[in-house]
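Worksheet: one structure, shown below.
Chain nomenclature is as follows: A, B and C, assigned in order of appearance, with residue numbering initiated at 1 for each chain independently.
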């Protein structure tokens, strides 16, 4: 499981996260919601090793994950899909996918993963030799997720996968994320502006406000909490 | 943060004091030291032109040696073919080099990073060699430039190099006074804005290309003056006076001075003159190998460059300031 | 006509060597966004290694690969001990391009003085391993000699291997990914720091080859103040910029264009205008295409 205790992160003089603590059980999908600047992205970047923590602890399967490089954390099963459809435009779809499994150095294993990804997102299969910058927004997000799955993650950190996508596509992506947790037993931390959509598929929810935790609970309970609804869901 | 308020009056007094110091120095030192003093003044002007371009307008030039060459050749040609007084030769050098800078700037404004570095580097290598092709430029021997003897009224003891020292230092002081005022003006602020954030500057109504071309023009004009002063101190203009190494030295001087602030310009200029001197002193005592004296200056400069880039990337002055503000 | 063909042959040979140097510059730019002026110094140092091995073993075919390995090691050393800490300090924004340029200029100076100190006035000798007498056609000897053929062959072989490595191997995929998008590559598990060092090492190996070929194609001897190496450094860099600084194909096109035009100018106009011609070609290309022949249109930094 993921255990985070008193996590504090500074960007220069600005404290982006202050004393954040929460746990996520294995196989759970946790939605992290909150307004712009609440520290959601910072939290993910710190967990994947892109940002440095000032204080606190974070453990994944009893392994201390702070102060490690991202490329090392990938080898411990942590995969981060950063904000804004993180694919590499100059590479083909196929190359983008393979990139995720390079570190495994096992051709048959990665071929297997590739098959899984293409089953999950058949549209990528039709575009394997195209350059990634020729894809639509939804396809790019699928590719980014696909690349992440190629690295055989146990903990998936997703930063706003719904950003800038059409409602139908969002539904598709969210469904795929839900499937990953249910069928593969992945643990997912899903950061979202689209709070309603995220809470619908999540098991637990965490509300961040100005770098601190404002509320936690089961996703269903949060969705129905009038205070949370008023402040973060907008109705 | 506690900042003293420095007014233009204070600065003017500062300039007068430096002038006075140069006057006193010129009366006490020998001819060789006078020559070195004149060289420092030349470097001050040349380095200031790079700082204006890179530190304030954010454009890179590895080819300022070529601009110095244009200034020097213009001054010499004006004297040889038009027989005009020396000070008009200086003005001509500034004007022609500015014109050239404007043309170059038009190209440069469209270029970024490595492209601009490449273009200016190719200019530095290519331009001086033109002299070998056209006979009126004097080929490898070059052409002479004579800034004249000191006035007789200064007396018999007044040496040629002391006179050069005076001319170059006075010109350098005037140029520096003008540059620091320019950088504080609307133009200076515009350049800084463009350097800091091109998009924001453009959105607030600054015409990017025009601002960049203007900076290149002004920088070239100053470099042209430095070239004319250089011709004054060495009496001669030839391709070998403007090798690629000169362009690199000037870039070095700018880095040692702190490329973001005009105030450190003396540091770089003095370093460029003092390092070979110190190196030869050290090498004399250390008579192990014959090649040491000739290699030591380059080595020291190279090591200093790397140290500066690592330890004080914003320049020694900024480094000193930030340490004392905290 | 005969003369023109000969001029073209000379130009293509010289240009192919500039292409190698340009590739060396491009590889470093792609992996770390640094304009590497030390590349010329590294090529020089590797050529001295090559000359020393040639003197010991008498075989060009042992000297060349060892010099390439030496170039790769020197280059990786510089990346690891100088550029990496420098770029870490100036933050990941790449800071200003000026500082790395100055740092590599400083390194160039240090490499040169060290070589000068070790070798002094002695020169390293790298005579052509094959005849440099031109083939004879209908009684006249043309500019194409076995040696020139060999140079073209080595350059071609190297370019094909590089293309294969970049397009077909996992290492190549990592190199391309790390240069396009270092952060995403990290998140995908690529050891970007290591890959950058590898990029520098390949650049050093290619540069070493360029240095050795430039010497054998020219005077046959290397010295720290060698004019041929100034040519190689300047034209290699100019060729890389003409080609768009990011593209290997661009570097080759840039090198060949430069080589051919300069050979024509050297033959028909005059030797002292070669350098200014290089400048004019550069300006002309950049005015038409500000990001080089095969340049990215702005947003390739991704």
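To be clear about the criterion, a residue touches a chain if its C-beta (ideal position, glycine included) is under 8 Å from a C-beta of that chain, and two chains touch if they have at least 3 such contacts.
Given the structure is predicted, the values throughout are model-derived calculations rather than measurements.
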item: Those chains which touch chain C and also touch chain B; value: none
item: Remotest chain, chain C as reference, centres from CA atoms; value: A
item: Interchain centroid distance [CA atoms averaged], chain B/chain C, Å; value: 31
item: Separation of chain A from chain C, taking each centre as the mean of its C-alpha atoms, in whole Å; value: 43
item: Centre-to-centre distance between chain B and chain A (centres being mean Cα positions), rounded to whole Å; value: 54
item: Residue ranges of chain C in contact with chain B within the complex; value: 29, 35, 82, 85-86, 89-90, 95, 97-99, 101-103, 105-110, 112-113, 116-117, 120, 230, 234, 237-238, 240-241, 245, 270, 272-280, 282-283, 286-287, 290-292
item: Chain B residues within the chain C interface of the complex; value: 54, 60, 62, 107, 110-115, 117-119, 121-123, 125-127, 129-133, 244, 248, 251-252, 255, 259, 289, 291-292, 295, 298-299, 301-306, 308-310, 313
item: In the complex, chain A residues that touch chain C; value: 48-50, 69-71, 74-75, 79-82, 86-91, 95, 98-100, 102-103, 147-148, 151
item: In the complex, chain C residues that touch chain A; value: 170, 173-174, 176-177, 180-181, 183-192, 300, 302
